[in-house]
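Here's the structure we're looking at; comments come further down.
Order of writing sets the labels: A, B, C and D. Residues in every chain begin at 1.
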Amino acid sequence: MTLNIGVIGTGAIGRDHIRRITNTLSGARVTAVTDVQPKAAEETIATYGLDARALATGQEVIASRDVDAVLVTSWGPTHEEFVLASLAAGKPVFCEKPLATTAQGALNIVKAETALNHRLVQVGFMRRYDAGYRALKSVIDSGQIGAPLIVHCAHRNPDVPERYTTDMAINDTVIHELDVLRWLLDDDYVSAQVVYPRRSRHAFAHLADPQIVLLETAKGARIDVEVFVNCQYGYDIQCEVVGEAGTARLPEPMAVPLRVGAQRVSAILTDWKERFIASYDVELQDFIDAASEGTAAGPSSWDGLAAAVSADACVAAQGKPGAIVPITLPERPALYV
Amino acid sequence: MTLNIGVIGTGAIGRDHIRRITNTLSGARVTAVTDVQPKAAEETIATYGLDARALATGQEVIASRDVDAVLVTSWGPTHEEFVLASLAAGKPVFCEKPLATTAQGALNIVKAETALNHRLVQVGFMRRYDAGYRALKSVIDSGQIGAPLIVHCAHRNPDVPERYTTDMAINDTVIHELDVLRWLLDDDYVSAQVVYPRRSRHAFAHLADPQIVLLETAKGARIDVEVFVNCQYGYDIQCEVVGEAGTARLPEPMAVPLRVGAQRVSAILTDWKERFIASYDVELQDFIDAASEGTAAGPSSWDGLAAAVSADACVAAQGKPGAIVPITLPERPALYV
Amino acid sequence: MTLNIGVIGTGAIGRDHIRRITNTLSGARVTAVTDVQPKAAEETIATYGLDARALATGQEVIASRDVDAVLVTSWGPTHEEFVLASLAAGKPVFCEKPLATTAQGALNIVKAETALNHRLVQVGFMRRYDAGYRALKSVIDSGQIGAPLIVHCAHRNPDVPERYTTDMAINDTVIHELDVLRWLLDDDYVSAQVVYPRRSRHAFAHLADPQIVLLETAKGARIDVEVFVNCQYGYDIQCEVVGEAGTARLPEPMAVPLRVGAQRVSAILTDWKERFIASYDVELQDFIDAASEGTAAGPSSWDGLAAAVSADACVAAQGKPGAIVPITLPERPALYV
Amino acid sequence: MTLNIGVIGTGAIGRDHIRRITNTLSGARVTAVTDVQPKAAEETIATYGLDARALATGQEVIASRDVDAVLVTSWGPTHEEFVLASLAAGKPVFCEKPLATTAQGALNIVKAETALNHRLVQVGFMRRYDAGYRALKSVIDSGQIGAPLIVHCAHRNPDVPERYTTDMAINDTVIHELDVLRWLLDDDYVSAQVVYPRRSRHAFAHLADPQIVLLETAKGARIDVEVFVNCQYGYDIQCEVVGEAGTARLPEPMAVPLRVGAQRVSAILTDWKERFIASYDVELQDFIDAASEGTAAGPSSWDGLAAAVSADACVAAQGKPGAIVPITLPERPALYV
């Protein structure tokens, strides 16, 4: 009855998922691990006291008889290969984002899964599991605010390392909005535009920061996403949905209201890892529960493809400031409706 | 058509009222002033460019033919005399708190005004003119929260000077709650109790701070007032009314919500003068408007008496920590119903 | 010492200003009025008990010896003529918006005033006098949030009458943001873009509602203004300024926080007239104070021109959805620096 | 490595704990269950698909070789017996509140555990595991608001069934504040007073509602707890700590901020079970983790005794409205320091 999970990649996120499978979640255990650095796999087994084998390759993990389901937490460029192999082996697979580094790669996965006519892939878009976003979706779906017409978003980080480049604002940052808003609105994007405000003096010279990404959806909603990764003051995710009859906002993370030093004060998170930490637990429990039934739930490979296609358009829009770039998805297979 | 006002006492509050009559309010002008320091009266006339005479005494001001209405902003112990003289002269009089320094003094004024069977006195309880308290009263009176059962209050000052003594927590501080809550609830007090929490290390050794004053009303409501005059963090007036069907709170003063330095922040006032500054304008305009009709509105001498009697009971309760001290008012004359 | 004001136009706004000059503000009185309907002028004098003459024309009001300053609250197309006449007469003039119905008309006024090299005109952009906007500007100017990079605004009305057309969203609605944001940021616009979200089913068929207006400023700030005049839920003005080091928002109007019926609730205004009601008093007192010194303060004819030019560009942008329309102002005369 | 748990009592709370052990928490399984109604035990095994035996008595569960730790979720009057038996068997035991129905019963347990000189008992005071209370405690412990001087609390339920009696306001309702405030302040109570506001018309005639419980602590803090179990509007737990340098409040439960129908609105919970639902998971995981090490953590039997003694004093205070009733604890054994 316990699900045996094989983990490919024991970097920070891989180890974090191993920790929660082992100490926090219910119904699964890690039975095999691998890493490009074999020593890292061995150390992970020791650290978490796993009753697991360190295998030489991801393919061995996937093939292993004591592996029922696969966790892909390796380097991005390897994701496509391991997800396809899991599909070939008929094993449920949880793949951290990106599902693939190209839209074509994601499409290959969609096609392979569609051929099976059975969902096996969950993509690691954890925001869909955040209690705040879920409550917001529940309000929207209740009809209280009417049909969504406009969404105002902000994605703010206190700062980023020097290696962060302008396109990463799309592929690493806005990618989360691209996924979660599709889910929130039950909609798809048809165009993107990027405009650049005056650059913050706190941004490295090579980085356009902040940026504003404007999206249009198939249903006609308009979305503005402020991306500001050197905002200094904290990690702050904002989302306000304007409907025909009212508005609804993403709740603020819990904070103790203080009155001190002539101020009403509530702390803002500064570490992005804390903001969605609880959602990782829910996300992976959802994978375990579905995988135990031989299938997958949550964000699908179709969602991974949609995110990839949309992100590509946004990156194209970055290169033509002010221009409106169309976003076109292939036809959605029935499996994902 | 312009109301001629004579001002007795040109200290800080007197000059402030002269400023607002002259530069801000409508329908009145200052025609006579006096002060125990004749030079202060002269200087005030010069400072505000008044077309007014400096007179030798308050009695001369009251008697003056070019004075239609009187403002008593002199030293507290002189209030009773000047208010009684104004009543004797049949002139509307605005008296800063306290109406008198003893309950007997306030009763003398009530009797004199009752004998005229016509309201001429307004007492300077400005909170009744605060937009926040008025909005709160309007909500209570609307019945939305049902009958009030409990009121939780806090009266916090950042600090007080060394001359502030334990009884001043009643006579100078809680006195405002004593008046405004009677008005808010349309009720009277029947008993008071005082309990002393651990003393703040920020209070001078001679001062019990904070204190908690517990009141019971004729209708059975229970009120707790936290008085904390060395709270350090700001000047903060809180009031939450718990009714049979819901609760309502005094709104916070307007403040710009900021996000800076890992905090959501809104400024808290530190200077008590700023908190009710707008209400002084409304209060005095109300006096001008009523006095122009030959009468008085707002807090009456009866209210001044009720505050004095209630404050005396609270001071008695301070002396017997934990004991419940009854509060008894004389019968209310029909003039004040 | 009392300023004598002549009022041209006794419609709703004219009478409202007459009421506040007469009953609320300090230092002025209405001595002459006129209206295209002579009976309306007479009735206004009677209603407010004015000691004033009803004159036949605006020109007579302006020329009148007992008129020191002029209030233009007549039909928009007549504003330019009366402001120019007031300038010719050397009298301070307060003109309700629009200063003129065309940019050329506003420019004519700017030129006439520049020729005098002395400010006499105040335009009725009352938001600059709102306590909330002033507090927000004070925070920005303090440097706490760093240089402004982005401004997110919303201008929402519960509904509009059927005669409201798509261009009125600019000329009657966004016009307030166009003025107040220039002042808030101490900046000018260089381009405008308009995009149309899906139309609300609550909007009349002839009206595109909501709309999003995107502005770029000379300093490089980016502004998005959501205009939604059938939002159903209330009259709601939002403004969030994102600076290099933090964000600041326009405070919400005061409202009593309630807990009733399984909800934390605060009322939202539904009548736009209530939202800025206090700012009209401050605005007109500012006019009285400056006019008493023979000059004008607050929003100038240059500000009126800038608003007109910017609004024209926004209307042009409405006609070319998605296109970026440049905004070009003439050189600013030294009088307005 | 998996902890085998025996459950005594398969009523609502027992089944709920079985569900979370089985489906949500990590490291334990249910191996034996019993109930006074044998059929209920059988049905519970079936419902949750447990690999467990239904035993005839609690004593059999405690004695069973495949039971490592015991969960006591039976009828209150049986708690003392089963906890004592678990202690005798040297097995960790989680006991839902009350630990015993009398202070003497709780003292018996404290003595038995003290004799072992080893903690084995956890009492089901779940609020200590609530994220909000933990964040509040963390703020207090950080010293930001200085030493706590006053705590203002409210415990409001929308309504209660007719069988709810005045003393249950202490034993079933305030009992949670009695425990959590001791923990929050790291303090003990020295006296209690109860005062009765006017009774809500929504309360049954036999019930005094609301009530105010006033507590004094050994360190001198003063606590007021409003207990209002027919407040109509929702289940609402409030806690504001006033320290020497500032205040801190319990955060509100997460809710989506809406703007609809002329109101800013956030939902308030109405079902008490939802308010602390997440804390039950954390609480029981803490038990599993400690029990796996052969001991117990969290609220101890000493805490259970302190709550019982304090509640007895509060009930005595209910009988003498206004009187101050002393609270005296036995000396605290070193095991619980």
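Assume a residue touches a chain if its C-beta (ideal position, glycine included) is under 8 Å from a C-beta of that chain, and two chains touch if they have at least 3 such contacts.
It should be emphasised that the depicted structure is a prediction, and the values quoted were computed from it without experimental measurement.
Asks: Any idea whether B-C or A-B has more C-beta pairs in contact?
Replies: Between the two chain pairs, B-C has more contacting C-beta pairs.
Asks: Would you identify the chain whose Cα-based centre sits farthest away from the centre of chain A?
Replies: B
Asks: Find the geometric centre of each of chain A and chain B from their Cα atoms only, then give the gap between the two centres in Å, rounded to an integer.
Replies: The answer is 59 Å.
Asks: Taking each chain's centre as the mean of its CA atoms, how far is chain A from chain C in angstrom?
Replies: 45
Asks: Quick check: how many Å separate the C-alpha centres of chain B and chain C?
Replies: 38
Asks: For chain B, give me the residues that contact two or more of the other chains.
Replies: Residues 232-233, 245-247, 255, 259-261 of chain B touch two or more partner chains.
Asks: Taking the complex as given, what residues does chain D use to touch chain B?
Replies: For chain D paired with chain B, touching residues are 146-147, 149-150, 152, 154, 193, 195-202, 210, 212, 214, 216, 219-222, 224, 226, 228, 231-233, 242, 244-247, 322, 324.
Asks: If we count contacts the way the header does, which residues on chain A are in touch with chain B in the complex?
Replies: Interface residues on chain A, with respect to chain B: 158, 232-234, 236, 252, 255, 259-270.
Asks: Any idea which chain A residues touch chain D in the complex?
Replies: 22-27, 131-132, 135-136, 138-139, 144-145, 245-251, 254-261, 285
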